[in-house]
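Presented sequentially are two complexes of chain A, the first with chain B as partner and the second with chain C.
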Partner chain A sequence: MLRALGILCLGLAGAFGLHLVVSNAVPPYPALIVNMCGISIILAISLNVINGLTGQFSLGHAGFMAIGAYVSAYFTTTLRYFDPDAARYISEAPLFDGLWGFPPALLAGGIAAALAGLIVGIPTLRLKGDYLAIATLGFGEIVSILLSNFRAVGGTKGLTSIPGYADTFWIYGSAATCLILTGFLQRSTFGRALIAVRENELAAEVMGINAARMKITAFVYGAFFAGVAGGLFGHLMLTISPANFGYMKSVEVVVMLVLGGLGSSTGAVVGALILTVLPEALRDVERQVELSGFRMALYALLLVVMMLFRPQGIFGQRELSLKLLRRLLPSRDKPGRQP
Partner chain B sequence: MTSLLETRGLTMRFGGLTAVDDCNLGIREGELFGLIGPNGAGKTTVFNMLTGVYTPSQGSVSFAGRDLRGLGPVRVARLGVSRTFQNIRLFDELSVLENAMTGAHQHAHCRLFDSLLRTGRHHREEARQREIAYRLLAFLGLEDRAGLPARSLPYGHRRKLEIARALATQPRLLCLDEPAAGMNSGEKAELAGLIRRIRDELKVTVLLIEHDMRLVLGICERIQVLDYGKTIALGTPREVQQDRKVIEAYLGAEA
Partner chain C sequence: MLPLLETSDLATRLLQQCANGVAKGSVYALVAVGYTRVYGVLQLINFAHSDVYMLGAYFSYYPAKWLGYMPEGAEKPKVPFYVLGLAFLFAVSACAATGMLIERLAYRPLRNASRLSALITAIGVSILLQNVGQMVFGADPKSFPRYMDQESVALGPIAVADTSLVIIVVAAAMVGALHLFVQRTRTGAAMRACSHDMRTAGLMGVNVNATVSLTFALGSAMAAVGGMLIAMDQPRLTPTMGLLAGLKAFVAAVLGGIGSIPGAALGGLLLGVAESMVGAWNTTYADAVAFVVLVVVLLVKPSGILGKSGREKV
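So, the complex of A and B:
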């Protein structure tokens, strides 16, 4: 346990180091991209627990993210909305004021999303594959429609003037925590049970592994961190609206996983980085070649090429580790692994 | 003497097909019991009902005095019934060791929280599972493959790994569905010895489905024969071998 806490502290220290560099030496726009990368990393790692490790096809990650974003912003933001009965604008002071209110607000967002994960996890007991994908897609859309109609959180316009608490430290501190805890999860009896459910649900059950409970656990865990990512997103962008959390966002996170290798946390990190940085980099290229849509086309091409030549993703199900690096370097006598 | 496992009038219908018809089984504690019959006789379907995979259309299953009907595979497993599969169902992407460890998951003394914070309980649980898994891999002669992914194992070893995984659940009754299928004669002889040792040394009651007659007749104490879902004979290997109905069923199946 001490060692685990040490590793977590190391992660936070690393996040703080990155924070110092980014806040002192990186101009605002690239700094924003760096921060967006951190949020994407959390989204991808957490979705990987559901889709990669447990083998459930969820397309609802943006829904969890939205819940986390709205709930945490609800606690930290001065809410202003028009009250038709009183015929005037109402202003509510934030429940958690100041920077110290931010971690509890993030946590509240994560917990709210985790509760939603519990509810969404239940249909997974009956639905498989494409059907589950459609059900979770529906969940995401329902969240977004409900938010659009909820006046207290700004309806379709969303929430504005959210305090900008999410800096590089908070974002990468959360990302490091998510990566480390998920690594611990993977290398535990619960991680093996999740993979067993993915590999062969019937055999897992006959071995006494409660597949239903494992799937719900995966949804709750993944949703929690998606909620945290949402909270960070809101406090980074300063405004959120239901449009930020449409199904395209969920699809984007799935593509990150497919790119990095479904089932691998480190693959998820790489996929998240590529899919966050590449569109921004291509934005400039697009301007230069004066061809709008060039970015999207290249993006699609990348996926097609990926599916043709490396359908298991960059990393497959392996984790990036020193051992793997050693194996990838020109090998002397080690037999290659079967794909 | 009371039975460890007892079924009464066990019946399974799939639409119009009665795969198992009024099957009465009585397996004593510590017995090595064979369940045989031609292809499609309903043997695997019996296993599926015993392990909670299927709910019987009719009849009862009791194990150590408890009614198993409708409990589902997870709870049946926890009561102490484990099995292997005719069509091997390993967790291919896990290592050989990890496959065996999954069998021990059901008795885990640790919560998710322990594993996320790597508490002492998490480490003790990992050590416990690893110990059980290594012991069983060694028992089945797979210990030097522990680190390999399960999918890389040759066929005969895959069957053995399924047995190790099932034993890791610490069952009182182990159901083996054609464990010798696809093995050569040397491997079969070794397997026969292993099955005996599972009963004698690990004190696990064994219910064996097997097409290889030499193996079944050689190691089972009692054998029940199914044909088209119905029991046509029950007795010692010698009695069953000389039973006219059994000979006809097998000759009929081969003709």
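So, the complex of A and C:
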């Protein structure tokens, strides 16, 4: 427990250090990419809990992200304290104003997404593999249809003029929290149970694991962090619309996982980093060849080629850790290895 | 789709929506047979199928546009029927070839891999086709040239667009022919054998690879017909037009019972009608109908209406 807190503090300190560097020494455009990387990392790690660890192939992550983004943005822009006696708003400023209003708003987005995860998780319990993929895809589409039709959140135009609260500290602080929490979760009894459900649901049930509960918890956990990522995304981009959270966004996160290795959290981080930086590099190429769609086509090709030639991704189910690094690097302690 | 006739009679309005729904559902049925056959054989949702449907629309659009000489100053310029025939042949054969190529390059190497790998590959192929389509065809919507008067035909109290009638007739003929082919011919028997048990079918001397190829070719050809019909009826072609239509067609296949061709037809029609009914009330929620149907079917009767319920072996 103490160790967990220590690592968490270390992660937050690291995020703060990165924040100082990015806000002082990095020009705005690269800084935006760095921040987007952080959001992608949260998305990839959280989806990895559902898809990688528990083996429930979900294609609806953008739907959870959308819910988190809308709820938290609604909190910081529109929600005001309403006095029912006087029938008017007490103050003009939003209830969750300023920097102290942001964490609760973010949390609210996460909780709303987690509730959605619960609602999706229960009926889809009986679905497996492809059917689950289609059903979660349907969920994502329904979320975007509903959001396009809600006048209160701007319809297809979405929410605009969201305050830019999400800086590098918040983004990487959340990413570090997500990674560390997931890392401990993975190694706990609970995480082992998730993996058992993935490997063989029936055998897991026989061993006394409540598979249904594991699956739902995985959905809720993943959805929560997707919601947080959505909230950060909204407060980074300052505008959100249903088009931001389409099917392609979900697929993008899946590609990150597959590239890094389904089931590996650190693999998810690496996949997220590659697939957030690479498209920015390719943006210039796309402009030069003047072909829109080139970027996504390359993504898709990467996905297919990965599946054909290295279906386990870069890391497989291994985690990048100090131990692995030590094993890979030629060590000086072993005399036999010296050249 | 035609606007509602001005009538206060609820029954007539319902009937009218049914007719619109049947036309829409016929296209779903055409696409759904491809999903259902492929799923029956490989237990794989062929995500790329919806993009083959999109390709079918484009592959019929270009010949119709290039060959369809429109006389200047004609009252209502129409594409002559022989051009439509050529466009049809081109779209069908090109899509059948595409389907076989996809199977050969992307799915066959993974036939013994985990189903998840195959699923991810299918998603990848689908996105690849969408974006290559965008690169080649452009993202701006294209519109199919007119080929009929586009007038409504009165059928008793309701009015049906002539293009809708064409859709219904062609779709019924195609699905019927496919059903007969699968049920009555030796090749069809091989296809059925493969979907029953691929390994044993192979041991009995069925050429499994050829049969799977043929399944993809036939399914893709059907999708091409569906794409062409929808292009002629609602002329707005975009590279992403397949996404939603394909999902709905898959839901239709699940609703009818996966693996069964009459089931796919029935599921397509039912889904089309249900969508039209909801669409008459609120057009935007019509798109959500399919997913609600999917979840309900999978919870209540996962084998679908006409599907055989097989017990899962442990």
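Operating definition for what follows: the second predicted complex is superposed on the first by the 292 of 339 C-alpha atoms of A that agree within 3 Å, B and C clash if a C-alpha of one lies under 4 Å from a C-alpha of the other, contacts with A are read in each partner's own complex, and residues count from 1 in each chain.
Just so we're on the same page, a contact is a pair of C-beta atoms (placed from the backbone, for glycine too) under 8 Å apart; a residue touches a chain by one contact, two chains touch by 3 or more.
All values reported here derive from a predicted model rather than from experimental measurement.
In the superposition on chain A, A:131 makes contact with chain C only, while chain B stays out of contact range. Touch criterion met: A:202 reaches chain B and chain C at once.
More residues of chain A lie in touch with C than with the remaining chain of the pair chain B and chain C. After overlaying the two complexes on the shared chain, residue contacts for A:25 are found with neither chain B nor chain C.
Touch criterion met: A:307 reaches chain C, while chain B stays clear of it. Of the two partner chains placed by the overlay, only chain C lies in contact with A:123; chain B stays clear of it. Chain A uses residues 202 to touch chain B in one structure and chain C in the other. Within the complex, the chain B residues that touch chain A are 51, 53, 72-74, 77-78, 82-83, 85, 89-94, 98, 101-106, 108, 110, 112, 115-120, 122, 125-126, 129, 151-152, 165-166, 168-169.
Here chain C touches chain A in the complex through residues 43-45, 106, 109-110, 113-117, 119-121, 123-128, 130-135, 139, 239, 243-244, 247, 250-251, 254, 284-285, 287-288, 290-291, 294-295, 298-299, 302, 314, going by the rule given at the top.
Chain A meets chain C in the complex at residues 55, 57, 59, 123-124, 126-127, 129-131, 133-135, 137-139, 141-142, 145-146, 148-149, 202, 247-248, 251, 254, 258, 262, 291-297, 299-301, 303-304, 307-308, 311. Of all residues in chain A, only 1, 3-5, 181, 184-185, 188-193, 195-196, 199-200, 202-211, 217, 263, 317, 338 touch chain B in the complex they form.
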